[in-house]
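Letters are used for the chains, namely A, B, C, D and E, taken in the order the chains are written, and counting of residues starts over at 1 for each.
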């Protein structure tokens, strides 16, 4: 699962690069979303233990030896929350973009710099 | 130009920051002490098959409450931001197939969603997943009929009351002085059945309802834009 | 006793249900909304009371029926309770402030607001890292959404930038949390062992902390915050700047134990850098809210630095410093943001509108004073203790950054204040609309900050009521302000009398001497103020404050008491100067220089060794071996106050532009405070002579001050400005004499101080009378007033004779003492320069008396009357005083001899009226009689031998067989010493003024340069953040 | 009774000095005339002038300060003179020198100038302040080298007491400050040129530019008093210089001889040079004599 | 006399100063000149001697004759030896030399300067023009007899009289002064109204007070 970790970081960097280099507001939001996803992948991959199963203690797992057989449940729990939060933020960002577009009919971030210095 | 160089510099820098995390990454051989406790506790104390669910709903219940709140906030925020305007937009009418299929599928999808959130403590799944699935049903409805109107009052009532009930369940724990969001305020039931693991399924159901209604709300709000 | 978790739950439940309640009307939802907020405040207040007064131990709340590492736990201790009380109170008041908005707006705004407060509460109390993340997101999202409470293009784009920046920060935070878990297997702060973070583990903690730090808006990664501050609704801005900041700073405080020391150091320095640069960039800001934004960011930096640097100090100190900065900054900032919302003027230059609304102006002033760290507000104590701490830790760069930053802050804050007090009322919308709720919140906050100030003064320091007197004076007179001015004047006179009575038993005669200058001199000068008509709001309050702080300087028993009195003196005199008609620039200059001086003194006092005895400072200091650095710093501080060369440029402005009956106080008495301070330094110095002969250079500065002041005075056209430069010159003499450090030198310094107090008071009051009658200070517009104002003329005549040092008046005594002491000490060239200065002083003295009183009377002054009686009384008193000590110099020389005898062996012999030094002698009494005799002789000759004497009128002059055209063209006054200026050539250029002017320009240019990093482009801001993270990472080095 | 004798002596001393000063003025006029190739007025012309001016039947006054101006001026002259011990060892000519030292004398010089300036100022004539402005400015500049010289003398004799300074110069001609500290004497003598206001430093009276400057409105007895003072004041200054730099005098004759020659320096320079413009004069004093004055101090401190 | 009368007389003694605008009247003295009785015989004689031996003349050149004044002060004629000296201000001068013809414009200045001199004051009229108008006798712009406007003590005829004549004139003046015959000041005061009338007749732009103190 080291690949997942690398993938996660790669996505994170790509997302950030997108945020830094793209002028379009929606693309920036997408960049954020990609970075966010990358983070989630990193979280999940951290919880992975080699040759183990999901932490659902049904018949597939020996309950008494469950500790040796399941992967870490905590990152999975965390990532769930993180995903929802990421979703919320992204949604809010997009609605900002919508409103901005309504005000100025432009999606370029360069057009929104009247506040400065 | 300078900006581009700086961007590259920043990306390189970040890369260097992250590099040691990747190169020195080692998968641990054993569960951490905390995780082990969770795995044992899920069985011994909560009677819940799905350890992740136990962690989410009970051990880290406050997180989940917060999570729900975040989603709620997003809904409120988007509602606050995008004020409804009743403009008749001329949009393409959905195809026959979609219309027919959706009327058929919606009920099934909702049912699936309900199943998923009620069985969150037994199977992979839970309130959020279930809620999202329910919302997809409404998305389908929206796709098939652009001018479809949802009853906002019902959505709001469902949303508010499911949230409130969640909190109330938490408070009951406080009143019984066993702790906020304690899932053991009702009998734990038999391991591996639907009515087990204390309040977990109840909470997950509430969450499912709440998430479903909220996401539907968001979709509805954004539709107009 | 309510479980604190209810404040989270209840908010949440109410938040969920509000939209349902709203169906039955906004009223219900508002009631629910406000009652929940109020409930929160009460619960927390109750807990705070338990923790502080009852001493209840820290409370831990488990959730889910499991204890800590398993479940998330909350903690409520005294610190949490303090922050929460503060945040909730601000939240409630901001909500009250926004009530109108909330009534009109979508229900979502109420929900968002309520949950925002909930998020803060959770964030502060939770001990779990991931839970922190959740609450952080709750807080962020609700804030993002609330930024558009007033929706416009600006707030939208600012909100978007805020979101992106916040999003990036929270991504890093999340990464940090996860890797912390990876490295430690734990998420609960109480169970994470910092030593688990070996090598690469540090990256985890780095990611975690840098994310929090980014949320704290460090320079330069904080452009988004500025935009938010500028554009968002004032009520919400106050919440962002105060409530959010409070919570996040607390998060930072919570994770601090995990951080390695080197990272902490970096953050500390980054905090100071932020403080410095935001204040620097604030210099050029013209938008009120953005300015507050800069200040806010800076203060956050300071707060971070203070937390980091005080962490190992005793609790009490931490409370004082961190708590002080915390409450001071946040309260002041919230209040100021609210006021910007009330005033509704974007540009600072339009804030002249504020003077139409006195109440609001007072609130504004108090908050601004609080923000700038002026006593008694908490920021002052915090700064004092913090600087002391840093100085003891030898962190001089940090100290320098903080103080320089503070100075910049003083510049822009007080510039703002002076504009508010003196600026022009803008032509459009020249009214401030009244909204009770907004005033209510602001007033409550001002009340709170005042209460905290009193609490600090009462409980952290055991000051007695004497130290409070300056404040009490202001408050009492504020409530008596409706009384007519004259009665207040008499009351003040009585108050000063009583004060003097209580002050009287001094420990040493030196104190008594300065007591006479400060208190008696002030009392006599008060008489001149009795001429004021109408009500004169605020005048006597600050006047008394100034006089009482003079007195308190004398009896101060510790460095802090001294410095406190000093600051009271500065601020009260600043307000008094600001009352002048065109005193905007002058007062600003004054406060800037005074503050700079005060900061130097602050460092100096911090470095000074502890006092060993319980006597007044001026006595106790003789046993203290002050390090040379301290001596230098203190001396510079005091010399700024006494207007020495190089730092004198505030002096003429302040003297000239202050109201004409305030100027005598400033010149005759305020400058003596600096002299008093120099004596203090000198007393320590002579007992413990260090290797570096600092006073030699002070001597030179004093001498050059004397000569330059004299020249500058000679080239003035404005009577008061002339007198101001004259004061500068005279105080230069005093400073130089102190620097001699010999019996004769100090004798002359004291003698001249006393003399200067009398003649300069008389002169300023005389000019005040002239100004009162003629309404001009420009000398060439006057002339020939001797016929109309003979008494004022006599007063000025005696005054200038006394200044010039012409026998037989007392001025000669001063000159005799000074030259004798200089030659005795071996400072020959200095004596020569002083002699030159003394000769040059004739130029300006003659110019003063000639152009005003002699020469041609102008048409418009044909009907001018003698100055009012209230101006004449003090003049007569001072004249009698001058004549008395001229005639009987023993009256003053004898006691001064004994005073100075405490420090040096007497070097003069006083035999009757004859005073003999090692060089020569001086018999004032005999000189007086001889002079009278030789004056009578030619007078008799004249009376006897003169033929019929016809007194003629002003135009009966020989005018090359013509008649004068008009008084204006006949009166020689303008640019009287043009030839001298020409002769001086390049030496006459105002180099020092140019230097400060250039300094100012440079500071502003730098400000303009640095702030260009805030391009307004959200993307650039992200770039800043990423770069900042990278750079900090590399500085930290793993 | 003691004080009455003292006053009597002072009167005698003043009368002698005044008569001497006025005569000196007459002599100088004569010298000037000879330089010009004329006969010149009689030596006693100043006395006749004073009598005539006093003899005016009418006078005009511009006000109280105008009236007192000449009184101040004369009092200044009297004071300056009376605070100097004129003849070393003489009781009659010791004057009131015990009231103060050199500093007193130097500052008493200002007394008259200030009073006169005020009186002239009230006259209201534009030339008065013009002249005064020039006078004060020039005064400030020549005071600088003079004070440096005085300081050098004070260092040299470790005293500011004139009698002590004179006493220290007794014995041999080589004990004079002129020989012991020539730089101080040079600086002071240049200052004296300014003090005496002969050309090139006759800025104040400058009859061609600002016809006689400050006293332009002075008439009748006011003028007479000023004329009298001129004699006395000149004498006083010369005596001061004699005491400080030229060994003082042990009797009247020596005093007359010495002061005459001191004055001759000014006269010769005055007869030879045209007038400076104001700024030239100021710059001159602030430059060369000041440097010499500083040298004199360095000389006396280090050599 | 009671106080009221004194005041009334004083008021009558005041000059009207009608030539001045209203706002300037307070700037000029309005006191009428009075004649002064000489001191007792011997003292007056002594003073007259002093006055004669110290003749300070006003250095104003009021006409072409002023050219003859300059040589007096140089080494060739050297009037200083007679106690005669120029003086730049009327306040301090006792002799006024009318340097030849006096135009209407000059008369105004002559009157003003003469009145500003402190008595006793003497006038030397130089050249024919001052006596009878000389070559300008019929000019529209010059006066013919200066003694209609101010009292004259010594006339020196000629066109131009040489410096020697001037010195002779001075000596004549000295003799007259010593003899006590020069009392122009009192004469002017006593006949003030006559002189003023004459002056005002020729001086049209009278913007001075009636008597220039």
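Methods note: a contact is a pair of C-beta atoms (placed from the backbone, for glycine too) under 8 Å apart; a residue touches a chain by one contact, two chains touch by 3 or more.
None of the values given here were measured: they were computed from a predicted structure.
Counted as hops between touching chains, the shortest connection from chain A to chain C is 1. No other pair of chains shares as many C-beta contacts as C-D.
Centrality annotation: C (chain centre taken as mean Cα position, compared with the mean over all protein Cα atoms). Centroid distances built from C-alpha atoms place B farthest away from chain D. Greatest Cα centroid separation from chain C: this falls to E.
Per-chain CA centroids place chain C at a distance of 53 Å from chain D.
Put simply, the C-alpha centre of chain B and that of chain E have 120 angstrom between them. Between the CA-based centres of chain B and chain D the separation comes to 106 Å, rounded to the whole angstrom. If you average the Cα atoms of chain D and of chain E, the two centres end up 36 Å apart. Multi-chain contact residues, meaning those touching two or more other chains, occur in chain A at positions 12, 16, 20, 74, 78, 81, 85, 88-89, 92, 96, 99. Shown for chain D are the residues that touch two or more other chains, namely 56-60, 216-217, 220.
Residue positions of chain B touching 2 or more other chains: 7, 10-11, 14, 18, 21, 32, 34-35, 38, 60, 63, 66-67, 70, 73-74, 77, 81. Applying the touch criterion to all chain pairs gives A-B, A-C, B-C, C-D, C-E, D-E.
Residues 36, 46-47, 50-51, 53-54, 56, 74-75, 78, 80-81, 83, 85, 88-89, 91-92, 94, 118-120, 185, 213 of chain E touch chain D in their complex. Contact residues on chain B toward chain C in their complex (touch as defined above): 3, 6-7, 9-11, 13-14, 16-18, 20-21, 24, 32-35, 37-38, 41, 58-63, 65-67, 69-70, 72-74, 76-77, 79-81, 83, 153, 156-157, 159-161, 163-164, 167-168, 170-171, 173-174, 178-184. For chain C in complex with chain A, the residues that touch the partner chain are 130, 133-134, 137, 140-141, 144-145, 148, 151, 153-154, 156-161, 163-164, 167-168, 170-171, 174-175, 177-179, 181-182, 187, 223, 226-227, 230-231, 284-285, 1008, 1011-1012, 1014-1019, 1022-1023, 1026.
Residue ranges on chain C touching chain B, taken from their complex, read 3, 5-6, 9, 12-13, 15-17, 19-20, 23, 61-66, 69-72, 106, 108-109, 111-112, 115, 118, 122, 126, 128, 130-131, 134-135, 137-138, 141-142, 144-145, 148, 179, 181, 185-187, 199-200, 203-204, 206-207, 1020, 1023, 1026-1027, 1029-1031, 1033-1034, 1038. Those residues of chain D whose C-beta lies close enough to touch chain C in the complex are 7, 54, 56-65, 67-68, 70-72, 74-75, 78-79, 82-83, 96, 98-104, 107-108, 110-111, 113-114, 117-118, 121-126, 128-130, 132-134, 136-137, 139-141, 143-144, 147-148, 151-152, 154-155, 158-161, 216-217, 220-222, 224-225, 277-280, 282-283, 286, 293-294, 297, 301.
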